[in-house]
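Just so it is clear, A, B and C label the chains in written order, and each chain counts residues from 1 on its own.
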Amino acid sequence: MSATGPSDDPEGRASILPAAADQPDPPRRDFLTLLTGATVLVGAGAFSWPFLDSLRPEGSGDAAPPLDVDLSRVVPGQQIVVVWRGKPVFVVRRTPEALQRMRGAALRQKLRDPDSHALQQPAYAANWHRSVAPEWGVMVGICTHLGCVPGYAPAPGGGAPDWPGGYACPCHGSRFDLAGRVFQGSPAPLNLPVPPYRMIASDRLRLGENNDSGSFGLDDIQQL
Amino acid sequence: MTLPDRRRKRAWRRGLVLLPIVAAGLAPAAAGAQEAPPANHWSFSGPLGRFDRPSLQRGYAVYAHVCSACHSMRALRYGDLRGLGLTEEQVRLLAEGKPDAPLPAPFPDADAARAANNGALPPDLSRIAATLPGGADAIVAILTGYRSSRPVAPGQYDNPFVPGGRIAMPPPLHAGQVSFTDGTKADPDRMARDVASFLAWSASPHLEQRHRLGVRVLFYGIVLLVLTFMLKRKVWRDVR
Amino acid sequence: MAGPRHDDVSGSDRPPPPGANEQSAAEAPVGPLSYGRFGGPPTSDLPPGAPPLAHWIDARLPVLSYLRREYVEYPTPRNLNHLWNFGAFITVTLVLMILTGLFLALNYEPSVAGAFASVEAIDRQLPSGWLLRSIHMAGATLFFAALYVHIFRSLYYGSYKRPRELLWLTGMLLMFMVMATAFFGYVLPWGQMSFWGASVIVSAVSAVPLLGHALAALLQGGAILGDVAIHRFFVLHFLLGFAIAGVVGLHVLALHVTGSNNPAGIEARGPGDTLPFHPYYTSKDGLGLVVFLLIYAALVFFAPGWLTEADNYLPADPAVTPAEIRPEWYFSPFFAILRAVPSRSGGVLLAGLSVLLLCLMPWLDRSPVRSARYRPVYRPMVIVLAMAFLTLLAAGLHPPNGIWLLLSRIAAGCWFGFFVLLPFVHRIETPRTLPGQLAVADPA
């Protein structure tokens, strides 16, 4: 298609074609060359469309159906991980002691966003326990730093003397409390996301439906 | 399939006008009990053809209520039905919220399908209008061409439009079987035409886009042809 | 052709006097700071009027002067007709095939379970997938159509003759590679025609004496034609596309050593016999290309059914052979030869030989005259060869009985007869007087 590039060298022609090229070209040829070149460019541009179009992401993620999670066999202090829309979702049953520590003023001071101001959760989870029922924590288990899955480290103490129990990311050491709130000094900037869900019974929750009449979806989360 | 029929099919596919007549003339009378399907007028035939959207939608209703009891359309997903002119909301309702899901198949595999149909395998209909010689015309002819609604042999019905004149499918269409939401009366001829349109759409779902885009591309090409022709003449003018 | 070399460091637009380059090379201190070859300053073959940046680049990476030499100034016989456009058609089609092929490969699944469904999904659900696939499918047909015309043009005008033997042989190699690529590609959708085409070819390969069974087993990669074969065919198809592009590069390199042949078949003798490639042949190829692409578009948008076997929209079924199994039209002539011979290995051998004989053209044809225009015996022979090819093509598309079997045998006889008689033609042929130069050879 490079066949119609502009002629940039009248001398080169003259040297090889002494008989034929002694007359200068009329200006119309330059205009014609430009117009043809421009038309070819427009065509080539349009031709790239089907290629780019075919790279468009396929399917609508929102079409993934809601997922019911049975909580009746989760004991206090235990966490289960369910996969919903290809993402790990932590469902943790927090003990009364853990809840106590989550409310402590000492912990609050170490957190970056203790009151969940950043849009990392639906409105009905923007509370101190970042959930619908305080006992049940529900979070998307993807570190807001670079996307690793944080490990569950519920026991207080542990390696660090003042560790209140929570999550530690294996990749770059980001730490979160049991409500998914990020500790200051972690590379992760934001709290762990809370997916849309509602409690359909005291021991059963449904991922993908909101607890209020809102339309909160995973796409609304600031950093997933 | 007999050779003359085969030849007719090829000629039909290649859009030749004369060959079918020649082939039909050459076809020996003893080639089988199969008759050629009568030709219908289809809005989608020809180089600029388009589909009749209401007919496509009625055709889908016929498929969904009648044909899909035995025939799969495995290549189709619910989202493809947007091509029938259905709105996003209608597709969502039909798909029960899963537009990426394939249309459900009546049987899990070919063995199960045979077991449920006296050993006959109801073909998948995704491309039937392309693979069945005669296309949409043949579909209409087969669906409405039964000589009797009673089997002539166990599981064998008399239909002159299939090879050998015997088909395992019982006459599928009956008046009033489907109630069309647009008020069209559901008589078998209407239903056969509509479902044939629908199956023709499924066999070439991008026909309208193809034709529309083709006109634009040819227009562009002709403009470029004129330009390059003038340019070439101009460049070569001084060469003797 | 190449003007004096210019020193770009000076930044001067004036051409230095002849010998200035050697002088400065001699004077330049040899050391880590000197970066031209043999210690000279970087030089550029571009004319002095070119922008300084172009000189700067070209002195370090001489692509610009290469392009200028080979695609702008490149002296081309002034009398080439439109049959000389077909090389450009093939090149453009190859680019289109590789581009669409890449995007199709992104969405294709090479497995028995997934191949058919993934092609259906490309056709139905992938945005613009139907268009990419349609361009790829029509491309196969147009590739062969252009290739066969290109080869016929070489035969007619004697382009295979000394000193263009290797140009011809790289072309033959390309033809074999294109055939293999087309075969592997046709199998990938795993429809009925794909599967049975592959079965027939694998059987045909196994009929080759001595090596046949080993080759067939290597192709198939297992007891049945299944996942392993599909995967091998996919990788080979993908790889061959790029390999063809590489050999096309060699082909063009060889072409630019000797320059193009021309309808008169005599070498260009002076500046009056040639024209610079640009703008003369860029505009002529451009015009031809637009016509070619119009035909391409008409096929893609208005006659896609011409290029597809409907039966290939039925998933592969190893239990049912389609009623009439035949190859795509571009393999049809060789298929017709295969069927015209009432012997399995004989048919395979002759079909293979019919193509291989073409490779020997430069040595079978001993006449010093190139163009059929000036060869009263060769000209009717090469026309009969072309007609035999077309007859075989038609015969291969029809059932092998009655008139078509007879025609295919006659045509096959003509095809092989051509090569048998060719070495003796120069003895009985009195060539017509050749023109002295191209400027008078082709008044049109």
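In this section, contacts are C-beta pairs under 8 Å (C-beta built on N, C-alpha and C of every residue); 3 or more make two chains touch, one makes a residue touch a chain.
Protein identities per chain, from UniProt: A = Ubiquinol-cytochrome c reductase iron-sulfur subunit; B = Cytochrome c1; C = Cytochrome b.
Remember, it's a predicted structure, so these values are computed and weren't measured experimentally.
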Practice task
Work out the mean Cα position per chain and let me know which chain is farthest from chain B.
Solution key: A
Problem - Chain closest to the middle, measuring from C-alpha centroids that were averaged per chain - result: C
Handout entry: Comparison of A-B and A-C by number of C-beta pairs in contact, larger one
Key = A-C
Fill in the blank from the handout: Chain centres from averaged Cα atoms put chain B and chain C apart, in whole Å, by 38
Exercise for the section: Would you mind pulling out the distance in Å between where the CA atoms of chain A average out and where those of chain B do? Expected result: 43
Fill in the blank from the handout: So, in whole Å, the Cα centroid of chain A is separated from that of chain C by 48
Handout entry: For chain B, residues that touch 2 or more chains besides their own
Key = 224, 228, 231, 235, 239
Handout entry: Per-residue multi-chain contacts in chain A, two or more chains
Key = 4, 33, 36
Practice task
Would you pick out the residues of chain C that each touch at least 2 other chains?
Solution key: 125, 131, 275, 279, 283, 286
Fill in the blank from the handout: In the complex, the residues of chain C that touch chain A are 47, 49, 72-73, 75, 88, 92, 99-100, 103, 106-107, 125-129, 131-132, 271-272, 274-276, 278-279, 282-283, 285-286, 289
Problem - Contact set on chain A toward chain C in their complex - result: 1-5, 7, 9, 11-13, 16-19, 33, 36, 49-51, 53-56, 58
Fill in the blank from the handout: Within their complex, chain C touches chain B through residues 78, 117, 120-121, 123-125, 130-131, 134, 275, 279-280, 283-284, 286-287, 290-291, 293-294, 297-298, 300-306, 310-311, 313-314, 323-324, 399
Problem - Residues of chain A defined as touching chain B within the complex - result: 4, 20-21, 23, 28-29, 32-33, 35-36, 39-40, 43, 46, 59-60, 63, 65
Handout entry: Contact set on chain B toward chain C in their complex
Key = 1, 3, 6, 9, 13-15, 47, 74-77, 79-80, 126-127, 130-131, 203-206, 209-211, 213-215, 217-218, 221-222, 224-225, 228-229, 231-232, 235-236, 239
